[in-house]
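Structure record follows, encoded as structure tokens.
Note that the chains are named A, B, C and D in the order they appear, and that numbering of residues resets to 1 at the start of each chain.
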Amino acid sequence: MKVRITLFGALRDADSRGYIELDMPEQSTIAALREALQHHVHDHAPPISAGLVQRSAFASEHEILHNHRTVPEDGQIAILPPVSGG
Amino acid sequence: MKVRITLFGALRDADSRGYIELDMPEQSTIAALREALQHHVHDHAPPISAGLVQRSAFASEHEILHNHRTVPEDGQIAILPPVSGG
Amino acid sequence: MTDIYTAVVDISHGPLDPTAALDFVSDPRFGGIATFIGRVRQHNLGRAVTGVSYDLFEPLALRMFQDIGERARAEVGGPLKLYIAHAKGDLRIGDLAVVVAAATPHRDEAFRACRLAIEAVKHEAPIWKKEHYVDGDSAWSEGCSLCEEHREAERQAVKQHGDAHGHGH
Amino acid sequence: MTDIYTAVVDISHGPLDPTAALDFVSDPRFGGIATFIGRVRQHNLGRAVTGVSYDLFEPLALRMFQDIGERARAEVGGPLKLYIAHAKGDLRIGDLAVVVAAATPHRDEAFRACRLAIEAVKHEAPIWKKEHYVDGDSAWSEGCSLCEEHREAERQAVKQHGDAHGHGH
């Protein structure tokens, strides 16, 4: 399945379109998506540190999705680097 | 000396003029003034409880005057029942 | 000290103004502003209230607000702007009784300064509240004694009862 | 739930409005209103700042503000009105970044609800701040990880260093 990962904060610099699309097996876990994204960022946006992807959370519009969860069926997901609101 | 005690809060009911004047020896302590005021209130404003005068503080325009202090030379003092601002 | 603003506002001349408080404490150095606003509410201790009257010993109250500001500054240990205003006169439900605003570089100090100031205003400043009830009755509120001996006795009572304040305000 | 108001305000359409926050939370039942306002300040970590930009994942941020409100209500354990608004877009020095207002019958609950809400907004909501410096440089602020494993690691680091929060905001 095609997964579209919307970028925020410092991760916006990973792709000027504001998102990254990856092909993932159906029912992939967030942990697997994270690993695939790290490889993609390593290859396509080397200035972004691998640590930043590690410290980031994935989320739908409704909730944070931790590592054991599966990628949403609609293939829409956001990656949230460490937050700094207020 | 004549001491004018300005009344506030619940103690305003002790004298409709808003103050009570007492004759006190020079250099009287606040403790002595408190005792004299209690007698005065007992005689002239019996609805006011003796306990209220006991729980009240005396003060100048500048500071609280505790029991060991002497009455200000200008004879002007205020009596402050328990406070309830805010 | 121009970083501390204190006022007693005669409500017959106009209400307390939270916007003025924010304007006073705003400063390019400061990222956090904590405010507390006390409003006259409809019920107290189960009785329906129609309004309250505040009596103040004004010169001493203003001096104390200033002292409270200095204490807040010492507590914060850095730059601070603080605004303390209390109403006097006859207030209706919804009228503002007190406005405190504290601004500092970071939020924790702002909250601490604001809290310190409102607690001190409530427990130490020479201000008295009379409540007016629907039935036409009125009564001066129970308060905090400013008398050394009684303050100590109140503190002991609070310790024993384990609540935040002996008479619940 | 109409007692909790949440908003993300595009600063290009207008500023955050503390007066609207006070109006929303005001209620005849409530005697205490605590507010926190975050303002863009001139310096951060020693660098002169000309402005900041806020990026938000808006649908999730709004959902989280609502959840934060429910948590504040549970913490207070009684009636509460709470207002949470955060700015998005490009802010200059002095612009308001966040406004939180909490009203309750008594002041202690209002302070607790306000503090809980602003801490949660800062540490949990999907919001990112980019600072712009006088020298033309800019940088995304260090932040709080929302990732379980890293949150735990951050908590441990805070414990060891004994400060209030691992990265000082």
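What we mean here is this: a contact is a pair of C-beta atoms (placed from the backbone, for glycine too) under 8 Å apart; a residue touches a chain by one contact, two chains touch by 3 or more.
Everything numeric here is computed off the predicted structure, so don't read it as measured data.
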Query raised in the report: In the touch network of chains, how many steps separate chain B from chain D on the shortest route?
Result: 2
Query - Maximum centroid distance from chain C, chain identifier (CA atoms) - result: A
Report task. Please work out the Cα centroid separation of chain C and chain D, and write it as a whole number of Å. Result -> 25
Query - Distance from chain B to chain A - Cα centre to Cα centre, in angstrom - result: 73
Report task. Could you grab the centroid distance between chain A and chain C? Build each centroid from C-alpha atoms only and quote it in angstrom. Result -> 49
Report summary line: Residues of chain B that touch two or more other chains sit at 86
Query raised in the report: Do you know which chain C residues sit against two or more other chains?
Result: 38, 107, 118, 169
Report task. Please give all chain pairs that are in touch with each other. Result -> A-D, B-C, C-D
Query raised in the report: Across the complex, what residues on chain B touch chain C?
Result: 6, 8-10, 12, 54-57, 59-64, 66-67, 78, 80-86
**Report entry** Contact footprint of chain B on chain C as seen in their complex
**Finding:** 38, 54-57, 59-60, 63, 86, 97-98, 118, 121-130, 140-150, 169
Query raised in the report: For the complex, which residues does chain C have touching chain D?
Result: 18-19, 22, 26, 28-43, 93-94, 103, 105-108, 110-111, 114-115, 118, 164, 169
